[in-house]
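Across the two complexes that follow, subunit A remains constant while its partner is subunit B and subsequently subunit C.
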Partner chain A sequence: MSPDRRESRRQPRSGAVFEGRSVPKGRRRLRGWSWMLAPALGFFLAFWLLPFVRLIVMGAGPDNNTGIAGYWMVLTHEQYLSSLMSTLLLSIAVSVSAVLIAGFCGYFLARHQFPGKSWLLSMLTFPLAFPGVVVGFLVIMLGGRQGALAQLSLWATGERWTFAYSLTGLFVGYLYFSIPRVIMTVMAACEKMDTSLEEAARSLGANTRQVVVDVIIPAIRPALISTGAICFATSMGAFGTVFTLGTRINVVPIAIYGEFTNYANFAMAAALSVILGLVTWISLFFARRLSGEYVGGGA
Partner chain B sequence: MTTASVRRNGRRGMFYWQLAFTLLICLFMIVPVVMSVTAGLTENYFVGLSSGLTTRWLVEVWNLYAQSIWLSIYLALSCLGVTLVLGIPAAYGLLKSQKRWASLVEELLLMPVAVPGLATALALLLAYGGFRGFRSSWLFILVGHVLFTLPFMIRPVLAVMQSINVVKLEEAASSLGARPVQRFLSVVLPNCTSGILAGALMVLTLSVGEFNITWMLHTPLTKTLPVGLADSYASMRLEVGSAYTLIFLMMILPFLIVVQWLGQVMTRKASARVS
Partner chain C sequence: MATNIVRNENSNRPATAPISLRLRHCGRTFPGTRGSHAPHVALQPLDLDVEPGETLVLLGPSGCGKTTTLRIISGLEQPDIGGQVWFGEEDVTQLPIEKRDVGMVFQNYALFPNMNVEANIAYGLRIRGLSPDDIRRRVGEMVDMVHLNGLERRPVHELSGGQKQRVALARALAVRPRVLLFDEPLAALDAKLRDRLRVDIGQLLRSLGITSVYVTHDQAEAMALGDRIAVMENGRIAQLGTPREIYHHPGSAFVADFIGSVNRLEIKGAEEGQLMVAGGRLSVARYHGASVLYCRPEDIEVCPVTQAAITGRVLQTFFLGQSQRLFVDTGAETPLQVESPSREQWLPGQTIGLSIAEEALFSIADAQ
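Our next item is the complex of A and B:
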């Protein structure tokens, strides 16, 4: 810290010292280096915070058709409430299923060594980098009109079965990009976990179910909840997948997009975005508090 | 048979059940990718592989969308440049400032990641959409990308700075007479290379794949790769969309391989340091 001290000695005596109190050490350090933060903070203030504050204000403005304030419309009108509810339910369903499925796989992969494991792991986790649009296209590959299921069912029953262009397709898509993330988190948590606990439980006669319920799940619970919250937030805010699957699916991001581009109803688009942002921010904040992990939604 | 061996057999059976389940999930992840790659290389997907393999769809994608691919590369590199210039000093500032302040600032800078891209884009459009020149240039998209990727540069750099005890290194340097700027450039920066590298890879991958913000901010003249992808999925034949996806996969694959390799090297280093 010596250079800081030298600098402050060179500076003219500030008011704080005249009053007989020295500046607290933390403040002095902050003053010395806060300018390094200035470019990033300035950029953030100009291009995110100010525009977003404006968005919050616009959300209180009147709706184009009814003249009712945007936020109040979202909370009282069936059309918006139903899309909010279906998005919430879909995201909860996705995060619970992803944690169950990928938690199981992640635990298995963390505990066993076998030939080809690293290949299996890379194949399970590389879709992490796919944008939502690509995931949507992959769902069409599975369940679209020329998809795998349609071809199979055509061969077996003579009909084309599709699920891609509905909430089911969206569920499959969100599950697709949630699974790699959960697997990685669960594997990391299991590797940190003390294996002797598990061995002790087994040697005391606990069966597999008891070991899982009483030892493993409590040990990795924070990781499970936080990764679930991240999947939830990602599914709430995701736009690319549903955009590819078709804009008739009634979820909040599509509602925002529709209000903005089709009806130029800026107050409603702003109100919906702010509410959606609040939900995803709270769940990610909660996830970070639980795990200290630094991840956000992206797809 | 003794109870112990029964239990052992039971556990081996469990192993195969679990392996089978994991393989099933792996199939779910891989089958659509393989299907898409095959579709991009077959003459006619409706007929099937028997129609023959071809690269004509790849060529067609290149003719139609080469500009969007170049713009994405250009955008990703510019985004990397800006996040380096903004992010590395910011990480250093966070390291040096009081803990309470630092966590507040970090929380703020993370907002564009925590809030859906659609909301960020809408806020940007409503605030700056009126500036015609800015709105129609690629810089508008660059702003969105920088907001979204900046935390992913700051975080790994800050983590490395915290782990290598920068304060001690700097004390040593200043006792040898190095001035603050000199210390930052010749002592702090070279010691953070691994964090900068990890952040840079993340920023490039995220920027190349970003869709939510970009879709709202793009104009017909500033289409990026993912925007072009959405466009081709909506309006082109399945083979063209697949071929385009194939090009995208080939573009991000090197990044992913390097990230994985870097992760392995880092864990090996870390375990070597522990033992």
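Our next item is the complex of A and C:
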């Protein structure tokens, strides 16, 4: 605001001029703004800051069983630590695989025209519309006890092979709704990219692999980082899918749910929530710094 | 891998003799897009020969097929069935661009944004697997050649447009391409920079003697840089010749009009060895029987009304600095354009006398 105001004092043109007196536009605008800001601030305080502060404070409270502070429990106790670690590893695996798989697909789709492409694209984006519960159900249809894989293996080997009720099932489910998002982002980035860069590289003798490594990946790096970070954040916090697959999978959202609902262990639930939020926020923060573009949080 | 080894030897070769470039029956038809019209003929099958070391300029209005021709030469675009591209004695029609050894300079520079000036210039050399010493030496030569000394470590987004295009030129030249291709390289620069870079590119092309094809829609650029110019119109070559031939003996009304300005003089009849035109008569020995003659504005001279072959009334004057352009109403459909020295003062409404030397007149075969 202040440079604007200084500017308007020096140059009456940028503010309204009444009888030779200039009314600085900036100040007027600021006053208007503060009015607008008041309800927004109130809303922010009431619905975000207050509960959040309370959550942070609550997380420092004693655990029901041991009486140790919640945060300390998470960082030292085997059960919570492993749940945190497996959630982290799962989310990293999901985002890396999604970026790898969907990166190639997205590039291919952006650069090739073929009949049925728009149909394929709308099919690919379909999972984006599914709630986590439905994705979980789909994973069961695929790798559950009555799933397609089980039927097939029963017929072939006489055994039922299942993966739905484990971290593998969760991995498949998260991949399922991460890939469309990455494909869309990568496609948009590729289409925005200047094709003459690729052409210049090829004229200089670069083969496809060299063009991808030297030109395309650097050009779409911001998109890859930001979409990867969103996949990570989404996988860290997703609940519906894992809840459908069974509460025996030890990931943080389920742990929070368990502490809260089954044991009324509010300190632990709060501590886990705060740590989960922090990890997610940090990943988005770094992604934003690295990619130089705006990164919004996932569902 | 095998091709890689061949390529390494290729790029290490001493500056070899320039090669010729030939297009044989190269046309290009784009399929109609979905929901719309029939196939679109961007380029009619054409033959084109570029001599070794020559700079050929493709000149023409937007959409006439210049870029398409250039892309067929580079290998970014395939000609329709039956078309052939020859580099010297080698048929490269089936070779992809990365195997053709072409240098390309684009209108929008196309520099790699994640690399600095040096790395951009070195890119092709690195791809060819040259040793770090060789790369450093060659990059140094290129930097000298395009006058970028001191900017080697700059990220490319900190360069001006002219500097960017110099980097692009150095990057293309560093690998010693067999053919150098330019697609409107100066179109994005402002007038002053464009003139300077045009002079530099002209000197480079002459001194390197590299076979080049240069696309532009700017006629001044075409005449300054081209050993020969191919004027294109609607996907075909309207005329191919030296800048002088094209300017002084245009083969069609389109070419005459596209390159510089031209006056069209309708012949109303002949009398006592003179041709009657609007506003007067021309005493010429040739061209009897022609119905239309043409002349350039700068070939019409202003003279006292009493000695004038043609008289008219000044409609408008445009001061151009080094000269002025007069629009003279002679009673013809369109006013006559006359270029006169800029120190003469002419006011609209004044009567003016004009004379045209016989050598300045030309006829055009396809004109009516």
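Here, the second predicted complex is superposed on the first by the 246 of 299 C-alpha atoms of A that agree within 3 Å, B and C clash if a C-alpha of one lies under 4 Å from a C-alpha of the other, contacts with A are read in each partner's own complex, and residues count from 1 in each chain.
In this text, a residue touches a chain if its C-beta (ideal position, glycine included) is under 8 Å from a C-beta of that chain, and two chains touch if they have at least 3 such contacts.
All figures in this text were calculated on a predicted structure; none of them were measured in a lab.
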Touched partner set for A:Pro253, first subunit B, second subunit C, both or neither: first
Which superposed partner A:Val57 touches (first subunit B, second subunit C, both, neither): neither
First, second, both or neither for A:Leu89, with subunit B first and subunit C second: neither
Comparison of subunit B and subunit C by subunit A residues contacted: B
First, second, both or neither for A:Ser122, with subunit B first and subunit C second: first
Partner chain in contact with A:Ile101 - subunit B first, subunit C second, else both or neither: first
Which superposed partner A:Ala269 touches (first subunit B, second subunit C, both, neither): first
Touching partner for A:Met236 - first (subunit B), second (subunit C), both, neither: first
Contacts of A:Phe130 with subunit B and subunit C, given as first, second, both or neither: first
Of subunit C, residues touching subunit A in the complex: 7, 11, 74, 76, 96-104, 106, 108, 110-114, 123-124, 127-128, 168, 171-172, 175, 177
Residue numbers on subunit A that touch subunit C, as the complex places them: 194, 196-197, 199-207, 210, 214-215, 218-219
Subunit B-touching residues of subunit A, taken from the complex the two chains share: 2-3, 26-27, 29-30, 32-41, 43-44, 47-52, 54-55, 58, 101-102, 104-105, 108-109, 112, 114, 120, 122-124, 126-127, 129-134, 136-142, 146, 148, 176, 179-180, 208, 233, 236-240, 243-244, 253, 256-257, 260, 266, 269-270, 273-274, 276-277, 280-281, 284-285, 294, 296-298
Residue numbers on subunit B that touch subunit A, as the complex places them: 11, 14-15, 18-19, 21-23, 25-26, 28-33, 35-36, 39, 45-46, 85-87, 89-90, 92-94, 96-98, 101, 105, 108-120, 122-124, 126-128, 143, 146-148, 150-151, 154-155, 171, 174, 180, 205-206, 209-212, 215-216, 226, 229-230, 233-234, 238, 241-242, 245, 248, 252, 255-256, 260
